[in-house]
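Okay, structure first, notes after.
Each chain gets a letter, A, B, C, D and E, in the order it is written, and its residues are counted from 1.
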Amino acid sequence: MLGTGLLQGLAVTAKNLVGSFHDPERYVTMEYPEVKTKLPENYRNFPFLVHDDPKDPLGSLRCVACTICETECPPQCIYIVMDRDEKGKALKRPKVFDIDISVCMSCQICVEVCPFDAIKMDQHYEIAETNRFQGLLLSREQLSKSNAYYHQLHPTEAAAVDALLAEQKAKQAAAKAAKAAPAAKPPAPAAPAANPPPPPAPSAEAPKPPTPPAP
Amino acid sequence: MTSPAAPSSFPSGLPSSPGAHVRAVHDDFHGDLLEVSMGPHHPSTHGVFRMIVTLDGERIVRLKPVFGYLHRNHEKLGEQTTYLASMPYTDRLDYLNSMTNNWAYAIAVEKLAGQAVPERAEYVRVILAELTRLLNHTCLAGFLLQDTGCSGTPLMYAFREREKILDLFESLSGSRMMCNFQRFGGCRLDPTPEWLAAVRQLVDGYGRFLDEFEALISGNEIVMARTQGTGVLTPALAISAGVTGPMLRATGVDYDLRKVDGYGVYPRFEFRVPLGAHGDTYDRYMIRILEMRESIQILRQALRDLPAGPILDPKAKNRGFRPKPGEAYGRIEGPKGEIGFYLISDGSPNPFRYRVRPPSFVNLTILEDMCLGQTVADAVIILGSIDIVLGEVDR
Amino acid sequence: MESLEQIRERLLARFPDAALTVIANPGPAGQPSLLVGSPHAASIAAFLRDDPALRLDYCSNVTGVDWPDREVVETIKRTVPPPPPAAPADPSAPPVTPKVIEEKVKRHIPGYFEVVYHLYSMALKHGPVILRTRTADRTDPASLPSLTPIWRACEFQEREVYDLFGIRFTGHPDLRRILMWDEFKDYPMRKDYVEPDDYEWEPTPHGAVLDKARRHYPAPPESR
Amino acid sequence: MSLPGQLSVLFPLASGLGASSPLAAVLPASDSALERLPLTLRGLLTGWLPASWQWLANSLIAIVVLIVAFASLFALLTLAERKILGRVQNRPGPNRAPLPFLNLRTYGLAQPVADGVKMLTKEDIVPDGADRVLHFLAPIALLAFSILTLAVIPYGRLLVALDLDASVLFFFAAGAATELAVFMAGWASRNKYSLLAAMRALAQLISYELPLLLSVVPVVLMAGSLSTSVIVERQGEWWLGFLPRWYVFTPWGLAGFLVFFVASLAESNRSPFDLPEAESELIAGHLTEYSGFKYALFFMAEYFGMCALCGMAVTLFLGGWQAPLPFLSFIPSYLWFAGKLLALLGVFMWIRASFPRLRIDQLTRLAWKFLVPLALINLGTTAFWSLTADWAGLLQPLRWLIAAGLIAGPFLLLGRNLSKGLGPRTYRYAA
Amino acid sequence: MSMSESASTPATSGPASQEGFSPTQQERDELRRHGILLTSLEELYNWGRSNSVWPLNFGLACCAIEMIAASMARFDIARFGSEVFRPSPRQADLLIVSGTVTKKMAPQVIRLWNQMPEPKYCIAMGACAISGGPFKQGYNVLKGIDRYLPVDIYIPGCPPRPEALLHGLMQLQAQIRGQKLTGPDRPRHLRADTGCAYPVPEFGAHDLEPPANPEVWQAPSLPRSG
């Protein structure tokens, strides 16, 4: 009969109208500024740089300015200049590390390709700005975040990274000790870049993007 | 009431001989015609699509689509960047279905490089692709109904469900829309058991949502009046015009790449391919609803059979990736139709030629044929039922 | 489905004076393609569509490829005549057949435009058969036969190839620019296309962009 | 008779109904003070004027009260519509516009005010080459006609601004003119979408005026009057002493009401008949080129028209200001009217939240092939009902049965004819 | 630009944050001393405008989907009174440039902007609208809509989450609330010297002509040595 389909539709909307007052399935709104989505651990927005020592956020960056992320970044939104001493010797840390978040496409490829676990994805998204030129070009100072912050955002992943780094450090120390013992050579620089870490084994509890071979 | 339709570029709709393509439109025949340019800013063009419509009263006597308002040089950029760097760009092709775009691209590159994919990754890909299909078809139904003049209600319900799927995508890949999840030789991350449980829960509830959605729409007399018999597409024209996906199957042609090519692990799943009989807008809508019900079946099976193992081939190389010279065309059954990638490698880190075969662009070929003799209101829903995404049409 | 060689045989039987070459695909995909001479392209396409054993009724993908002029240093066996310009020759991968006397030849390969058609059969559910047509060189009014009269699916895709590569399709019913605006003069997908220099604020430049940036900035001082 | 005296017949409300008025005797003695509250208030305001001026003052008050009341109702309705639409769609709708100067959130009550302030201060644009005069006049004309229709509706016992003998005719005459204003707007805007909308509006007007009027004829026939007040009075009796004898509770009344309801949806350009302003097809239809306060006026007039049609539906079929049950009569009549009006408006919104839009040919087909025949048949049924008024006893159920059959049969037949070729489908699956 | 400082701080400070942008009681009293009527008018005017920002129903690309998502049940932009997505620019207050603006599209976007009645606002949503984003190096992509239009709020992200759009909208509301009716820093639409129409670029043989509107667009230079 003409009209039954219409009545059926009206019943559905009426059910939702009434349901919106008692059924959380039918009232899904989040009152945004007061209530915020619980972001999943994997959520990514823009990259940040991890530093290990909160007292020296710029000096203790894990980044060694190897520019892998710069070259791999699909939209080319990273700009790195390596710091050099007076003689022009590379200091294995960035002097300039800028990310233009007005270009960044949040693809996480920089994180995947970084062999030093130095760049990670931030989850902060409330960054509306009135000035594109001052607000959206993030410098090294703005990008540097502590390891604790990283743990807060991605606890599982960060724990795995920490374990890995500790393992590498131990290995390096062992290697150094082994080297130092037979021939009393001057110790090799301790910077991680001197000895790129091997690709980590996939760990069961913390799936991690494949780390490519070092440059 | 029907006015004789203007001669289309293809009088029978089908090309026969080169002489048939006379584009002359005898305007004197119709008297005063009104030419309306719909778009690129129009609420129902699903983005920045433009149709130059010539009207006799409200009847369409000519319709010329204009493209390119979202032409963002995807293919050129693809040739300027590495294979891996193109992966996030594929997310932005058909921005509703990043997971299937990723997969199509990954398949093309895997073909190009002869890369194997672990079984677990294949299953995860199927799960993600079918979730994407649910997402796309749900949204399409919502948008289609919005075009017919609903005040947002079906669209809201569709997006309510979409958010649930997006939550899954986000917790797995880190992004709601731009997942960038597939890699050459597998997937980027391994889904956790909790995630799989969440998918299971969603799949279990989806049938109920579809029932309610259909109660609101499928039996609605106004919807039927608007969509049944409008925008009829014949099977012969659909095949000739390269129409694929649910649109093709709505005309009754049985061609589903999941069955035909049997890529991935699809041959292991039991599912049916629904076929329409009329080829009209209602069929195109209903085929999608039925496909969603089949997708739920596939998801159930894939979740049940998901094997253990690595998610990414350990030999796979994504950075510094240089496939041997050669070419490959990889295609999958995307929610909108056949999405394919044609790649030519010259041995360098960048593809020599990077071509996207966009389903919705090719499906638009027959837009004019379907709209001739129909009204403006029909043109809007016919366009809606084609299911286009401009990011893919214009690339 | 028949192999491409068999198809070629049958086509040659039907069109004895047609230029037909099977082009091998050196990559792991291994899918060869059939190069068709322009004069017979349309009739061959119609044959492929209507032949009961093939019934390639569905043209999936149409695309252009721009092969620029190349200088190639090739190691060529003296006994064997030089192979037809195949899919990209790679200087880094010389053939490893040390028996025959080899010599290094510097060869100029003239560029050409190519249009590739991927054909499938929806009726018989097989495919693909890959058709290629090529221009003789890269001089500008490049022209190739249109296959739109055979497969409607080519209509927009050929327009796109025309728009981006500048290949004119003879026999196309409505050959206009499709993606770029009508006043646009260039063909942007060609390998030698130069973008308009609309440089602006580039805070993170690399490579070509950095060159552009340098051109625009007044003498860049020390890095900051 | 003096002029004021004549007018006092025309304007029962306007002619002072204070204690001093001779007409005061018309009011039943049982009326509570609450029922008389509007009249008392007006008496306080104009009672001190000389009698010859009172009619003028009273009619002015009536006009001002009408406009103010409906303007605020309009504000509330926009909010209510957004809220109801929101709730249907599982969301709250506007809820955080704070009160100005106070920063106090009031569940979005301030939202319409904010919209109003913004609309008032928005730049007014007239397109180049548009007909400036018509472009300016269209919203005003639309609003004026809509307000005219509001004048003849009895909002309560003796609460009617203009109690004409032929008020029903007046209502539809003024109501039909609103479409003229829509056409003016569409024509004057020099926009193709607007023009298409104008043509649609005319087609819609011609199609739906007829069923609208035809569905009213039975009421006029049964009530024996074209006066809205009389029609309401006639519905004031009770069956078996407690069941309301509203016209909607008869077979012909129900059919008439449904036809009237559907036609009034179309007349007020509401979903699913909002073709002139079809957002997904014609951008904003005849409103495409209107900005700022002119647009707000259109919006307001549209809601006024909707209120007027709902008010008329209440008056003609739903017993006007009558209480549904005798013992509920202590509640003032104007509250009953308001309640019924709001309920009908709520149904309008509910329908808007549920249905897609028809196409123009389907819209006219629905009118000509379904509503008009149904209304005509309903007229015959009413005649039968009127002729069999003296059937009693066992004949009474028979009378109901016959009348119901006379409605339901054609409804099913016409409905089947209308939806020929449409229906749910079954689908096959590939082997 | 002074707004950015006052606006950026209270955004995260809690439930009252939305109102936190408007002048404090003390400031208000101070203002009232100077002219009660004017300040009250100004406040009413700004209050009305800020709580009734109707966006143009205009989507460009990926971000448009997130814009739609922001108006859907989960995020419900209607709470801010902004769910009235008007399809006609004549009734819209806010242009959300949601996605890549290609050179083919740019003239149309500017035309739409010109068709909107003042006071009107512009949000550049997503990387593409701000700078061209990932497609920046493409031949047909406009490197930021601010080359031609005055943008009020930039929301980075690719695409920004719907919450980020809501956040941007709240920033915009705060900006509106802070505007003055008089004085040298009064907004654009209250000045006599600013024209109402922005020049629409034309399609050239290789590029848009002109490639930017110098009255709107002055990019600072950032020297890089590479």
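The rule is short, and it goes like this: contacts are C-beta pairs under 8 Å (C-beta built on N, C-alpha and C of every residue); 3 or more make two chains touch, one makes a residue touch a chain.
These numbers come from a predicted model, not from an experiment.
Asks: Provide the labels of all chains in contact with chain A and in contact with chain C.
Replies: The shared contacts of chain A and chain C, listed by label, come to B, E.
Asks: Spell out the chains that contact chain B while also contacting chain C.
Replies: Intersection of chain B and chain C contact lists gives A, E.
Asks: Nearest chain to the global Cα centroid?
Replies: Central chain is B.
Asks: With chain centres defined as C-alpha means, what is the inter-centre distance between chain D and chain E in Å?
Replies: Those two chain centres are 40 Å apart.
Asks: Where the CA atoms of chain A average out and where those of chain B average out, how many Å apart are those spots?
Replies: Centre separation, chain A to chain B: 32 Å.
Asks: Using mean CA coordinates as chain centres, what's the chain A-chain D distance in Å?
Replies: 60
Asks: So the centre of each chain is just the mean of its C-alpha atoms; given that, what is the distance between chain C and chain D in Å?
Replies: Whole-Å distance between the two chain centres: 67.
Asks: Tell me, which residues of chain B touch at least two other chains?
Replies: 42-43, 68, 71, 73, 76, 88-89, 92, 153, 156-157, 160, 163, 178, 216, 219-224, 394
Asks: Which chain A residues reach two or more other chains?
Replies: Residues 2-3, 6, 9, 12-13, 16, 28-29, 74, 76, 79, 81, 100, 103, 105-106, 133, 137 of chain A touch two or more partner chains.
Asks: Where in chain D do residues touch two or more of the other chains?
Replies: 88-92, 279, 283, 353-355, 419
Asks: Give every touching pair of chains, nothing left out.
Replies: Chains touch in the following pairs: A-B, A-C, A-D, A-E, B-C, B-D, B-E, C-E, D-E.
Asks: Using the touch rule from the top, collect the residues of chain D that touch chain A in their complex.
Replies: Listed in rising order, the residues of chain D that touch chain A are 84, 87-92, 350-351, 353-355, 411-412, 415-416, 418-419.
Asks: Which residues, counting only chain C, touch chain E once they are in their complex?
Replies: Where chain C meets chain E, its residues are 179-186, 188, 193, 195-196, 198, 200-203, 205-206, 209-210, 213-214, 217-218, 220-224.
Asks: Please output the residues of chain E touching chain C within their complex, sorted ascending.
Replies: 103-104, 131, 137, 139-140, 143-144, 147, 203-208, 211-212, 219-226
Asks: Over in the complex, which chain A residues touch chain C? Could you list them?
Replies: Against chain C, chain A makes touches at 70-71, 76-79, 81, 95-96, 98-100, 103, 133, 137.
Asks: Within their complex, state which residues of chain E touch chain B.
Replies: These residues of chain E touch chain B: 57-62, 64-66, 68-69, 72-74, 87, 89, 99-100, 102, 104-105, 108, 112, 128, 134-135, 137-141, 158-159, 161.
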